[in-house]
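Structures follow.
Presented sequentially are two complexes of subunit A, the first with subunit B as partner and the second with subunit C.
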Partner chain A sequence: MIEIDVTKRIKTATGEVDMHAVVDIEKGGFCSLFGKSGAGKTTILRLLAGLTNPDDGVIRIDGKIVFDKKNGINIPVNKRKCGFVFQDYALFPNMTVKQNLEYASTDKKNVDTLIEMVGMTELKDRKPATLSGGQKQRVALARALAAEPEILLLDEPFAALDADMRFTLQNELKEIHSTLGITTILVSHDKGEVFKLANKVYMINDGVITSHGTPEEVFTDTTVSGKFKFTGRVLKIEKSDCLFILTVAVESEISTVVATRTEAENITVGDRVLLYTKAFNPSVQKI
Partner chain B sequence: MELLSPLILTFELAAVTTLLLSFFAIPMAYWLSTVSFRGKSILESITSMPIVLPPSVLGFYLLVFMGPHGPLGSILQKFDIRLVFTFEGLVIGSMIYSLPFMLQPVQAGFEALPMSLREASYTLGKSRFQTFFRVLLPNIKPSLITGIVLSFAHTVGEFGVVLMIGGSIPDKTRVASIAIYDQVEALNYGTAHFYSAVLFVLAFAVLLTVNTVNKRIGGKVI
Partner chain C sequence: MNVLKAEILFFKTSGQIIICELNTHGETATAVILDSPADMDYLTPGGHVNMLFKATEVILAVGDLGTLSLNNRFKGKITSMDTGDIFTSIKIDFGTGIESVITTKSAKRMNLEVGMEVTALVKANEIAIGKII
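Up next, the complex of A and B:
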């Protein structure tokens, strides 16, 4: 269980604000911090890891206080056991893939397993400069895990990758999370990604947490799609009596649609689909 | 042996100066790259002074400062330590004179490293010490080589400072650059030629080696 209740003065797009962040994350959960860039998402991640100090407040990890302004407690970053995957990956250029993991690892025996888990066995003796973005991302994730952290913090890890690579790595991350069960916090500005991976999301706007809950609760209600024909990616398929309910990500919007059994038969999670409707009864709303 | 003595002394001085400077200037460069405080630019200006000051000005003030009646010299006198006209004095003078040549490339090297490298190492549970020696230093190798070579070469080439605080005592403070001056004054062009040619060839060889090595690491030095 992670309990954050802190304030921090941050610079946002609209000027300086005192961000008051109250975030609770259950142990083993997958939580996402969602919002525009400069909203303060990364700051919350850094506050938790100890890379930035809050102006006031308390942070607890599994009941243990890691930061308490009033009592002058501030556990240093290297003692907090928060694995951090940086947006620019931050792989050490002087070390090979394997050496990067060995440097981080608490137990050298895990290194080969982790390298295999992220599919980098063939490239383990390469230096980071010779790897592609997706490969670097895999190494960064494996390296963070090598230190056996209690919490995994991911700062927009897939932002710099193309859509297909992002999709593949999201699946891998989901798998790793369900295998290891490590509490994970993901900073993202991609609704599809949040919907796919997280079971809890905090929406942050200009330093203020505006809503939180499951991705369905936070996103679905606010989504009004104005298009009659568009393509999307299937995130979830639920059976409801004789029908199927598909949750589809279209660009950055999430929609739920009903599908018949014949329609749903050939569709699996991750497929690209075309959504279309004949405009018999379009609803019009002034915006 | 008497002929070679100034050359040996020169390289001894350059080696000792560079070694001591590394211990002192590399941590200082790291510190300067991580902090910002009021007066930082004043401190940076002071440490850069040897680049613009005529060496004789620096040498003159060091002579006054370290001399038997100077602020430092008079204190050291009580412990029977003398810095002017000694090899130790030359080392101290050379360290001050060559400080910016070590400090600036190394500081620039640290500043060019992404902040996330250091932070990543900390989040992996590593101490500042481990991070410094295993992540930061190995990744600024070209800057380190530049700093070390420039300090060494600059010390070999100094004249004004060593003349002021060292004088020209054979086997103690008479380095090659001063020996050349003395020999020319004594119209011994042959010996002056010998010293000059050795310095000339060595300077070229050092730069060539460093540039070749660094091209392999990546990035040109000088």
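Up next, the complex of A and C:
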């Protein structure tokens, strides 16, 4: 169980704010910190890992105090057992895949198992420069695990990868999490990723935690019963016959929706809209 | 989108599917939805909700309906028509307004015009239930 209750002055997109972060994560859970860039998500990871100190408050890991401003307790980074994976991999360029893991490992015997777990056995003697983005991130994940962390901290790990690779690595991460059961915290601004991986999410806006709960509770609009709901941004509105055709960007996909005059009349290009239909309507086809 | 205020008469669940009987402006209506009543705090008998359904899913009929599977039948008068080459948008009043979008071809075949009495038909699984906000 991780219990964070701290304040920290941070710079956000709208200026400086005193962030009050109250975050509880059960042991073995998968939690996501969700929000725009500069909202304070990464700061929470850094506070937990001990890379940045809170201005005030207490952090407990499994009941043990690792930071307490009032009592002057501050357990150093290397004693907090946090493994970090960043968006930009941060691998040692002069070392091979295997050497990268050995350097970080607490027990060299585990290195081959971890390399196999992330499917890099064939490439274990390669240097990072010869690997693809997805392969580098697999190595970064294995290296973080080699130090046998109690907490895995992932800071937008898949943001630089293309959609297919992101999808594959998300599945692998889910598998690894269920196998090893390490408490994991993922910083993300991708709702689909959060839905897929996390069992708890904290939504952060400009240094303020605005809501938390399961991804369904936090992201789903509960005012309409539709089960097929997406939010998107209107790119174009065109009149066709007596109807209107709306082009809507949903995540990275473009959808077109037919609207009647009454539906279209209070919508303008650039508006955020909710697209929904009944769960009975979509047809399903295996691809 | 048609949005009709309605009173919940009762509902019944089977697994994740809920069938909900409603009264909207004196007509009974049935909605079938996929949800959990626990997530819908506004789903209580006697409570008021919005019934939502798309105008393109509203069927129109004239005269005797014979035997039809459709539960939701709203009889009213046509108040306005917006005729396009392919589609026609028709507004009907049965105590409240309803919009139906059908092909212009059908509207012509049925000789629809303002003032005519028609029945608007909606399948129960096309109706969503929404909280009134």
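We adopt the following convention: the second predicted complex is superposed on the first by the 222 of 287 C-alpha atoms of A that agree within 3 Å, B and C clash if a C-alpha of one lies under 4 Å from a C-alpha of the other, contacts with A are read in each partner's own complex, and residues count from 1 in each chain.
Methods note: a contact is a pair of C-beta atoms (placed from the backbone, for glycine too) under 8 Å apart; a residue touches a chain by one contact, two chains touch by 3 or more.
These numbers come from a predicted model, not from an experiment.
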If touched residues of subunit A are counted for subunit B and for subunit C, the larger one: B
Which of subunit B and subunit C A:V258 touches, first, second, both or neither: second
First, second, both or neither for A:V269, with subunit B first and subunit C second: neither
First (subunit B), second (subunit C), both or neither touched by A:V22: neither
Touching partner for A:C242 - first (subunit B), second (subunit C), both, neither: second
Residues on subunit A lying within both footprints (that of subunit B and that of subunit C): none
Subunit A-touching residues of subunit C, taken from the complex the two chains share: 1, 32-35, 39-40, 52, 55-56, 82-89, 99, 101, 125-131, 133
Interfacial residue positions of subunit A with respect to subunit C in the complex: 222-227, 241-243, 258, 260-263, 276, 278-281
Complex contact set, residues of subunit A against subunit B: 49-51, 76-84, 86-88, 90, 92-94, 103-104, 106, 143-144, 146-147, 149
Subunit A contact footprint on subunit B (complex, rising order): 114, 116-117, 119-127, 134-135, 138-139, 141
